[in-house]
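Labels run A, B, C and D following the written order; every chain starts at residue 1.
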Amino acid sequence: MYCFLRFSILLVGLIVSAGSYAVNAAQPLTTADDLGPKVEQPIEFPHDRHAGDAAKGGMQINCMYCHTYARRSIVAGIPPLQKCIGCHQNIESVRETPRIKKLFEYWEAKKAVPWKKVHDLPDFVRFNHERHIQRFVFAQNKPVQEACGYCHGDVKTMTVARRQKPLSMGWCVSCHQKDHPVDATSTKTTHGPNDCWQCHK
Amino acid sequence: MGKDIREDIAWAQINKDVLKSLESPRRMYWVILFIAIAMIGVAVGCEIYQYTTGMGVANKNNSHVWSLYIATFIFWIGMSHSGTLLSAILHLMHADWRKPIYRFAEAMTTFSLMTAGLFVLVHLGRLWMVYYVMPYPNERWVWPNFQSPLVWDMFAIATYLSSSVLFLYVGMIPDLAICRDNIHAGWRKKLYTVMSLGWEGTDRQWRNFRITYLTIACFLIPLAVSVHSIVASDFAMSNMPGWHVTSFPPYFVAGALYSGCAAIITLFIILRYVFKFEEYMTLPIMKKLVRLTFAIAMVWTYLNLIEFASVWYGHDQTAKDQLIFKATGPYAPYFWAMIFFGSILPLMLAFKRFQTHLPILFVVSILLNVGMWLERWMIISPSFAHGHYPWTWDHDQWPSLVQWGIVFGSFGWFTLLFMVFCKVFPSVSMYEVKEMVYHRSLALKHKPAVKGDY
Amino acid sequence: MSITNLLENWSDFRQQHPSDDRPHREYKWAMSIDLDSCTGCNACSVACYAENNLPVVGKEKFAHGHSHHWIRIERYWDNDGREFADQGAQFLPMLCQHCESAPCETVCPVGATNHTADGLNSQVYNRCVGSRYCNANCPYKARYFNWYDYPTTDNVWPEPMNQQLNPDVTVRGKGVMEKCTFCVQRLTVAKSNARSAGRGVLDGEVQTACQQVCPTGAISFGNLVDPLAKVGKQWMTQQVELNKDKQAKDVKDVEEKAAKLRGYRILEELRTYPSVMYLEQLRESAI
Amino acid sequence: MIENSFNRRGFLKVLGWGGATVALSGCGNTSVEDGREFVTSYVQTADYIIPSIGTYFNSTCAQCDAGCGIMGRVREGRVLKLEGNPKSSINNGKMCGLGQAGVQAHYNPDRIREPLLRNGDKGEAIPWGKALELINEKIGGVKAENIAFLTGGVSGHVKALLKNYLDALGSGHHYVYEAVAPSIMRAANRKTYGVEMPRLRLDKAKVVVSFGADFLGAWISPVHFSQQYARFRKADNGERGVLVQVESKMTLTGANADRWLAIRPGTEGILALGLINALAAAGLSVPGDVAAVVREYTTDRVSKDTGVSAEHIGRLAALLKERSPSLVIAGSAAEGYAHGSQNATAIALLNQVLGNVGKTVEAPSSIPFPQMAPSTGNRFALQSLNDNMAQDKVKVLFSYGVNPVFTAPASMKLKENLKKVPFKVVFAHYMDETALEADLVLPLNSALEDWATVMPEYVAEGAQLNIQQPLMEKLYPGTLGMGDILLALLKQRRPDEYKGYEDFYSYLRSAMVSNKGALGGSTTDDDTFWDATLSHGVVKLVSTPVNMSGNVSAKGLVVPGPFAEDSAYPFHLIPAVSASLRDGRNANEPWLQESPDPLTTIVWDSWVEMHPKTAAKLGIVEGDIVEVASRSGAIKAQVYVFTGIHPDVISVPLGYGHEAMGRYAKGVGVNAFKILDPVFDKETGELAMHETRVKVSKAGRRVVIVKDEGPAGGNQMGRKIAVRVSSNKVNLSEEV
């Protein structure tokens, strides 16, 4: 009899404690790195060469030099071919490398490069680059690479970009729930919007 | 008037009679089983069609979003209640006449819950997303909406189903041991051995068993009441005219007990006939059962009238319009059929002559359940057809064959489960019948025999 | 997935009853529809099809009540047994009323429909499991269910008609509920632009598709919190208050004054607190 | 706005459309799927091109002839939605449902994609060069007077080119045909005011009496009139305008009237004269000759003839006298009779007596470029072409922008006569009924991918030239614009004159730029002018109001009495012009088929409107299939019973009943054009559309009507849903 009661009390206790742990312990999702698949691009674009640290042979070009729409559109955008050519027609040193040759082939055919999407959100999700860049880069004065890196990872060390973060809903929410200072100097904080329609369309 | 259980029946005879029902089935069994499977096949076919094409094939529409699935869902949930009534409530009330019949009633509870659960799935537009309803830690970081009666439903049904299964199983353990001891080979032996959990009938085991059984019984009673109250709040919590009624929970519970009792009568007669359980499922028991059914039918009728009356005396013109629509609109034949089957027909049960007349009872009990099914449908469809907003009224949206097919198949599913149960597990509780016989014989010793009925 | 998140589900997202201690701070989108200007021409409805990727279901499905018109024009007659409808018809554009205390929100088992901070009644298609409880509980029946999988249905968006689909709005697959969103895709853009400019959305800066197309300008839409917004002024002059279920017009003892008011909300007595105010249709008494 | 042509074309290229990926995979449990879709990327861009942000380009709506300015939202090279162009004075940024569906005309899956040459019963795809050469060859073989060009209303540079082409051929046979145009009104106006289209100022009127003019639905320029109507209803001084609609079948405008008067068909003129008489009796000064004519139209007699109660005639006269200015409009319903012109004159007389001419009936503006002025069509043109074809006078026929095989009454035997024409060229978007009869079908660009200019017939103020410009690149390489085709044909005839123009765009640009002085661009350089023109979408023309006489003579005005009963064909058939389908040219746009008819809420089918009294008399209930038979033919359709129609009248909507055209139009409903009787207006020779007498008999079957309205019909069942109050209960001036 008492054995039975003891057993059931134990069981209930176990379930309760496991449940409460589970409820509170889902946090690791927030920091988990979740490497996406390797994406074959028409041209193997070396992000490390363009944006990487000078010490490692990079040119430290600002992300938004090429992904110029990020600050004013919901998408960051791929630069028009014109922009690649604008620099590369003056860079003789790499003019004959296979990748650049391919680039000029596209240019001469007046054909846009068919870049593949690396960070592809589901179609029912509306992610606004502009708001994030405005908030972190312009209001909080965070370095561009850091701000972009919140979601895109350490792109400056990659050649072809590859997804590093899970980009799952919980992952988004984890950041939206954090308190972020409203600008670089203020101690006032707010957190990201919580409305469903902020991100779901 | 038939005989009640003989007090002098040998315990071995009980074992023998009951275990006989587990013997290899006759041909008719297989035929019926096949028919049941064919019915399930129809339902599965319909569901596959609906799943791949979309809910539209069920022929509901934007103003009439629920229909037979929800009606039948409530019907099956309701059916499950009397098992609990018989086994748990009457157990606590020491009504010993329940003992020969509670086992199959309890099985019926479990199986009708299993059937009802399927309707929740069938009803969903995106069945493949059903796990969104469950609260579990997930990568989306969202919870279900705990305000929604549907979430309560999910909890209530899951809890009730698991408790019912547990109750059924626990109550069966001593009998399983008997089965184990009387069968000598094959898969049955293995099954009973595992399931009887090493039952040997020691005092300690009996003591633990009694307490466990009692505990679950106590736990189950509020659960049973709450389950149908929660199902009722699916409706009562909404603002649909005709649903937004406080008396819905008791009304639903009464309806549930009513249809369950009627179903027990039906199954009682079938089992008594098929397994030749005349010795155990006796006519005096039937008589009690019928009287109980009659009482519940009257309670239900009363609550039904209260519902009508409160609409009638209320100020809600919309609800009044809807009631008139039910009684006079295109649903009127079904509405009056429900009144007839649910409230008029049971008056027959008040007559002694019919209380033990099995063929009549068989037909009547089935008709009572038809009435109860109609009642659920009359709650759903006419309300949608004639709601708050006249522009979207919709008086001729009849369920498509897909809906009927799935409803039809659900009876096959229930039959299949029940038939398999009857052949695998003892459908009469042997140890409790022995108890009953024992107690009665003790009582007899102290009392002179009285002439007449028990 | 924390307890705080759970609790927030119960506070921020849930508007049980609108109350004064929790007012909308920045935006409260609302509408007013002047039934005296509405001519029933259906332009709003077609514009909604264009903006929101509504499927054309065809005759057979329409016959079964499977149509999708997030804004539908209802046409009522007021004959009272006269031989002719000699005072014309009463047209009423019915759309999701974005109730402040929305009956649909509380009943959705998965919380796919919620209240946003801007006072919109949101519907998250991807969260929807299709229980249709929301529509069962919607007194206006302004919600539309995807009874079929329209993207893959013949002749709904045959190539190249699918190129017309608005990329800002999800194309809904089978089994999800949908409804008027007050063109949230436009609101989001307007809010974002305004925020980048360091201000709030100005009145008239954002229009819903139905409002933009309406030839008689019967629909006004805007931010009720903004004192300059036309819609707010309209609500004010009509003495219709968001948080009340009985308006000045309904109160008998101010009848003298109330006679001049023609703003009302539909089925207000159900205490849904709709965000759409209608202005009564007028008919000349001299003829 | 657009720096160079490369940019423009580059922008309008379809981008980011990697198959069906953009929005179609909506609701799955889609997780992140990297590396499947393509990113939108350009070779070159302009500053204003930002991915995922729509850019608006102004153009002109081609869904009907009103010529509203539109603004197309273009994103990633696809035009997604049309809005009204706020700069156009016609629609001021507003639109109608028909216009909204313009994108569906553009993206329509049933568009013809390449030139087709008849080969037996089939069309055989041929290249454009061959097609144009074939035309040249066929034209060379016939005399100039045997060449006929049948078009709908045309204007702008396409019209100029067309005229030049006809001149080059030496043939003047240009038939301008519009199936449902207000051509009797134009003629009547010419007679009474000296202009075809005086400007109607609803917004200035305090009372509008409309004799069957559906100006909110399908009459002339509905979006424009709707805006005026809104101002008329809500005048700045708070005085709400009163609309009285007199007609036998309720139109959308009638449904919005303060008083809808069901009048016996054809007696509109009598009522107008009766009103003048009543006004004179009430003390309004009426010229002597007019008074003499109207004297016999006593209220009692008028009431008896028209079926409008004396009480209403009296109240209407009182209202007209009391509230001035008013506006009386004669619409197609009043004019669709053999005495339609007389009706129109009588109504114009009422306007004049009320002193509205010059106040609410204003003079239109002159058009500085007459060669581009709209050539308006009528049914008489088709009649004469038909006669010529019947007499084998037509050897080569070009058809553009019309579908006469669909819209001609069966009694004309047009289809048979067409067969007598040896070579028929049809410029078409769809394989419609006329294109099926053609020997050569030339596919046109949609209005959203074509260059053109449009000069609308009815403009609120002044005159304007609308620009129609491509909003995206052509969907199919095999289609051409009408301007391009005409230019190519002209190059065959007058190579020297036109060889400088590479395509119609360059022709248009140089024609516009060379006239920039008259187009308001005299101070700017060519490129700036051109860019500004394209970005505005409309060009205001320098123009002055023309002289408008307003002196209707009552002399010789005879309005015949009401129709005699016809026991064999007891009912009048009113073919209703629906706001969305019009003459049927838009029937293949599914949004229009699915948007319910405002009054009946019926979708995807034709119907026969009938008064409950009539229905009761015939033993008909809603949904009965009836046969509507005239002397010229019969159709079968479902009955819809409602009180917005005179008991002597039944009405069937036009535009349904296509036998070809496309998947959404074909087989939907019945074609009411077919059974119209050949009765003509005595003065203009126009087909009298409302003269057809019919009989109705049950065809046996009954269907459930597919409509939006539920079983409660238009009844609110005591709920407070759509509320109506008397206008004296509110004060509009206090409202916002």
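Heads up, the rule we're going with is that a contact is a pair of C-beta atoms (placed from the backbone, for glycine too) under 8 Å apart; a residue touches a chain by one contact, two chains touch by 3 or more.
Values in this document were obtained by computation on a predicted structure and should not be read as measured data.
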item	value
Partner chains that chain C and chain D have in common	A, B
Pair joined by the larger number of C-beta contacts - A-D, A-C	A-D
Chain closest to the middle, measuring from C-alpha centroids that were averaged per chain	C
Approximate Å spacing (C-alpha centroids) for the pair chain A, chain D	53
Cα-centroid distance, chain A relative to chain C, in whole angstrom	35
Interchain centroid distance [CA atoms averaged], chain B/chain D, Å	65
Approximate Å spacing (C-alpha centroids) for the pair chain A, chain B	55
Residues of chain A touching at least two other chains	23, 26, 29, 72, 74, 122-124, 166, 168, 170, 173
Residues of chain D touching at least two other chains	22-29, 52, 704, 709, 715-716, 719, 721
Sequence positions of chain B contacting 2 or more other chains	63, 126, 129, 137-138, 141-142, 388-389, 391-392, 394
Chain-level touch network, classified as line, ring, star, complete or other	complete
Residues of chain C touching chain D in the complex	35-37, 39-43, 45-47, 49-51, 53, 56-59, 62-63, 67, 69, 72-79, 82-92, 125-126, 128, 151, 155, 157-167, 169-173, 175-176, 209, 212-218, 230, 233-234, 236-238, 259-262, 264, 266-267, 278-287
Contact set on chain B toward chain A in their complex	136-142, 207-208, 211-212
Of all residues in chain D, those that touch chain C in their complex	14, 17, 20, 22-29, 52, 75-76, 78-84, 91, 93-101, 103-104, 107-109, 216-217, 222-223, 226-227, 229-230, 233-234, 240, 242, 244-245, 250, 252-262, 312, 315-316, 318-319, 475, 579-580, 590-596, 598-599, 601, 603-605, 613, 642-644, 663-664, 668, 704, 706, 708-709, 713-716, 719-731, 734-736
Residue numbers on chain D that touch chain A, as the complex places them	15, 22-28, 30-45, 50-53
Chain D-touching residues of chain B, taken from the complex the two chains share	63, 126, 128-129, 317-318, 321, 388-396
